[in-house]
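I have a structure I would like to understand better, so I am pasting it below and will then ask my questions one at a time.
As written, the chains take the letters A, B, C, D, E, F, G and H, and residue 1 is the first residue of each chain.
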């Protein structure tokens, strides 16, 4: 009787990175900056690893909100990049929606800053058009936990799936045998504990 | 299959400020007093900025609950102000409901003290009459987080939308181009980090 | 589309106090003991104030679980008291269910120790028999917050209403004019901040 | 209108222990290691106590993930043990699903590491095949509370029941008279406060 | 080489209760109101139990700070009560210092609201006059934990002893045999867990 | 045997505001931005109220650190303002030290961003030159609480006094009778709870 | 200029276990019960491992405080066991002090329940007689963290060394080569993460 | 009268990195793994930036503790690396002490895993030999905050200076003019907020 299980499918998913801008990031306080940067880059790495079509967008990047963080610019030189002239909800921007629909995917993986606006608004709009929306909770940030809790409730109640980049990676990969080294390297690069496990393992089994 | 996306619409929304009284405010401990005052005034500023019809109400203001905080009195000198003689649920007061209905709006933005009573009761009543209710979570306060969690669950399960004043502002404004300076000023006045971004930006681009 | 608003009605509500026993209370660690004791006694006072039929029950009170706390014994000398010989879910005890049904009430206000067992089990059972169940979250306690969160989710998803004793009092009373002094005294006795407001008010208005 | 009450039934329940491996456990940081170990062993003890068919599975145990913790190996020498060659979702492994179905049970009690992957994926898959799934929240662990919160939301929204090992024990046992000493011993071994109650009780009643 | 051990001595100690006023109490947010009220009354009960000379003082009680809480007024009808006309540091008030010195005691047990002002200032002044000062940390309250931490550091570095009402009671009583029932009653009245232990004990040993 | 009591004396104290710059403020995460802004402005208001000589300084304000926040610029148009060309420790800047010594005061009240550098370094240097240093802990901010804790320990162990702006105000004012309305206004402007007390008081005593 | 480094020396240290009684343990809420039990047993195991003379004592074990936990009784069948007839400070009991002095050790390792009374009082008394006192902070428990913080401050300021059982074990052992397997087993039994490291290591190096 | 101000001096300081090993790191739970890794690498980068002699040491790296993390191995290929055969306190290893003394520095900057053992023991030993010891608190990790608090207290009371890598960098650099770009790059690489400030600044001033 609950929400049906919609499994992330690497052949049917696109990634939307919304407003990870140098100015807006100073507003994010529900998650530690070191961890947040790591999560956003892990999500970006995951998008590249699975060759998921990825769309970048920013809000007013010529004003105080600041430019997109350079790491994302560098990782996705050929991705559609919609610098919105004013629309707060990215879904209100025709170019953005066109870019999304041009991917032909029905599963949208989304993250951004700040959660209750830049993530929640396009999430709610996409759900209303019958996309399956997967919010990457730990690559989305906002002012404080109270704000996050309300935003998660609103998106979940509207039908979005809440999960982290690690869960998304697992669901997309399905089977380690598809590529052990590649996924292991991705995990090792973004999860210090996992890197430590690998380092210990390699050393000990070499004896 | 979830709740449909009801977007806040500045032409169809009214604001209800319930029982932000000087005595009752001493009961609020799930949010820091500095932050809470800031959030309530931000919501009020938002109501004025978007010219939303606003209704004030108090409970027993001649007793220990105390008068409405003077800042709200000053900001809304002409708003309907219903000093309820005894009804705990503002929706049980005919004048209040009449004032709400007189606005002709179907979207109700509500905040108050304390969350599980003064906000939750009219929220549940308004939902039962098919209004869309948007609870401004961070301009509503109560005894502790346990109480808040239960109140949010009850309201969300009954169909209310939970969001913060900042999310409401974004959803009402829709597009920065409608008025950059006005909204920027509102954000700058109530979000120190945003004010700092603006100050740095103005200085740096002036070089 | 959400849960309908079921308002507590003092003419249609009964109170179930489940397993507030001296031994079991040592297990409660999701809420401070001073505060928890205060909340349980406030709920009991509320039951008496509104003359709600109240049913007490205990689990194995001759063993390590210990006797019912003496304050509750003293407050409800004539209430049905079902010392369950073994049933963990009070609803599995025929005498308990008979006592509940004998009240003729359809709204059940329930609290107990521990939340996920002694409260959740009869809550789920009563919901299955179409009672409206109101869980008094802050007069129910358990091992830790993780346990509480899971228990609240299970009960809410099954249709229970989550609220605190203060919200219940407000919803039952409806209008301060029904009795200002009585409700004020009840609040003053269990909410130090409210008592302080009253004391200041009385002194200042006497000048 | 909510989820119906599905009661755990010891004649219709199986236990799935997923990926409690020595390496993966270093990733668990949403719950203290002492407490987590205790909870996992309590769940295992419960499975044995109620003679529930139990299935063990691991992911890549010859790599950095490490072997199953030896305590579980020792407790279930004859249980089906599926060392998955690569499937991240245990439900994608035919042997695992066969083992589950071979039990003939419709109620699945599941716990594992990490919650949002190793627990959530088979939970969602089993729900999609109309099993009743009971997630043992406190015997499942993951990176941090943010990750846990999203995982719980996803599973609960899909229809899973969230509860702790203690709640499961109570629901399976139903009535203390079925075996007081056995359940008391199980509780005493895993709940220090309960053990203390028993010790005090035995001493004091011996006087 | 550290601070010498100064043991509280019931024949050489006086109690100073500073500014527990109904208005000022609304400022206290580093400790829960239920717990704080309990601690203050426990300290007061301890003062009476050990017959310690007790001095009450208030700051501007005719203004917004409000009157002394009535419970303390009632418990100490004959104690010196210095309503300070303006001095923020009680030690700047001659009558207060005279009352302190009139007790002839060298050990001062002090608590009040708010910690960093009403407690810290007279503590520092009394230390400068070579009194031994024992700050009852949990019967003193202030705005938040950051403020408390600074206040504790300042007082401790200046030579004050930091302890709770329970530690003070234990140090004053020295030996249970001096009066088991009296101290047990005092503990039972203010520590719910201890009351539960006593209730269980009495019941179980009566068998 | 501890630190002697050095009382703040309004005739012998100067205020040093170090590096409250729009860029650096984005690093402050051990205290909420709303509260921090309020505390800094309260300290500034206090400096003006008591006519304390006040010195402003910034680090690299033409770079990413950003300019001094405009509120402080506006409040102290005639104060010495040392824009340090590079010295991290303000005390390494001759002009700054000259300005401090030119005040002729021996008590230095200091606050800044970030605590462990911009506050701690000049604090340690000034202590080494036998100034009495009073760190305003809640008008100083840094990356996280771990960093703060270490910084406080280092400063306190070196002889600094840790206190908040409210404690400083109380210690400087000494006696309410020196000016009730002025101090009350200062408190009311920066402590919402205090403002509420005043509002209630004025209304109630007017009856 | 600080406290000199007093190193724990297994030939010069005794262990004092004070009042770990089944009733008193219900008062401990500054540390999780699972973790606390583990720490106390780890300290006891350490005492046995290093053959440190160990002294047990209880307060009123025939009353509500309850008997010593049976695990400690079983581990130290021949240790001096002083059931104090009434002294709250164990050092006030002549037999206890005699037993301590009979060990001939000058380093006292102490832990107990509750920290601010049963640990702090004998700690302060022993320091006054020039013993070196090492408080095992994580095998001592009390009502809440506020109480703990005050107790730690009082003991540290008086000259006690604060450390955990793990630090004590490391300082006593000095060199792994003294016995790798023994200490490894002790750590593995009480630190789940360490046990996991060992299990992974043994498996991987066996390949 | 407090600790004198010992300023870090890049010509008189050496860095000791103790036991940052892949296995031991799984024990660190008082700080988030992402943040901890960042802090350790920032400290290492700082050591290289200021050309501080750096000494690496490990404990039992052929056993479960695991090898030194490869990032540190790579950064310091020529540094003295003492793989201790068994000594728990690195200062008990002659080669380590020789390496320290061979640097000719009197200021020791130390960090390691776990704080209360691998950091605290050599810190206390070095203090006893009159070195100035600066503990980098945020590049040192341990089991939980209770353990950390005790370790910090022990080290601070013995005379160590507690500070973070950022404070150390500021104190070593003294003046931005010594090298703006170098230090800016170091900060930008390890403090996401600072990197964002730089990125915004560069973009905005380029207009």
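The definition used in the following text is that a contact is a pair of C-beta atoms (placed from the backbone, for glycine too) under 8 Å apart; a residue touches a chain by one contact, two chains touch by 3 or more.
If you're wondering where the values come from, they're calculated on a predicted model, not measured in any experiment.
**Q** List every chain that touches both chain B and chain H.
**A** In this structure, the chains that contact chain H and also chain B are A, F.
**Q** Strictly by the touch rule at the top, which chains does chain D share as contacts with chain E?
**A** Both-contact set = C, G.
**Q** Count the residue numbers both chain C and chain E use at their shared interface, divide by all numbers used there, and answer same if that is over half, different if under half.
**A** On the two sides of the chain E and chain C interface, the residue numbers are mostly the same, over half being shared.
**Q** Rounded to the nearest 5 degrees, what is the angle of the rotation that puts chain B onto chain C, matching CA atoms?
**A** Angle of rotation between the two copies: 90 degrees.
**Q** Report which of B-F and C-F is connected by more C-beta pairs in contact.
**A** B-F
**Q** Quick check: how many Å separate the C-alpha centres of chain A and chain E?
**A** 54
**Q** Just how far, in Å, is the C-alpha centre of chain H from the one of chain A?
**A** That pair's centroid distance is 34 Å.
**Q** Residue numbers in chain F touching 2 or more other chains?
**A** Answer for chain F, listing residues that touch two or more other chains: 3, 23, 26, 32-33, 66, 156, 191, 193, 196-197, 200-201.
**Q** Taking the touch rule as given, give the residues of chain F at its contact with chain H in the complex, in rising order.
**A** It is residues 3, 23, 26-27, 59-60, 63-66, 85-89, 92, 114, 116-117, 120-121, 124-125, 127-128, 143, 146-147, 149-151, 153-154, 156-160 of chain F that touch chain H.
**Q** Flag every residue of chain B that touches chain A in the complex, lowest number first.
**A** 1-5, 7, 31, 137-138, 152, 156, 161-164, 166-167, 170-171, 173-178, 180, 184, 191, 193-194, 196-198, 200-201
**Q** So in the complex, the part of chain G that touches chain D is made up of which residues?
**A** Touching chain D: residues 22-23, 25-26, 32-38, 66-67, 69-70, 191-193, 195-197, 199-200, 203 of chain G.
**Q** What part of chain G is in contact with chain A in the complex they form?
**A** Residues in contact with chain A: 197, 200-201, 204-205, 207.
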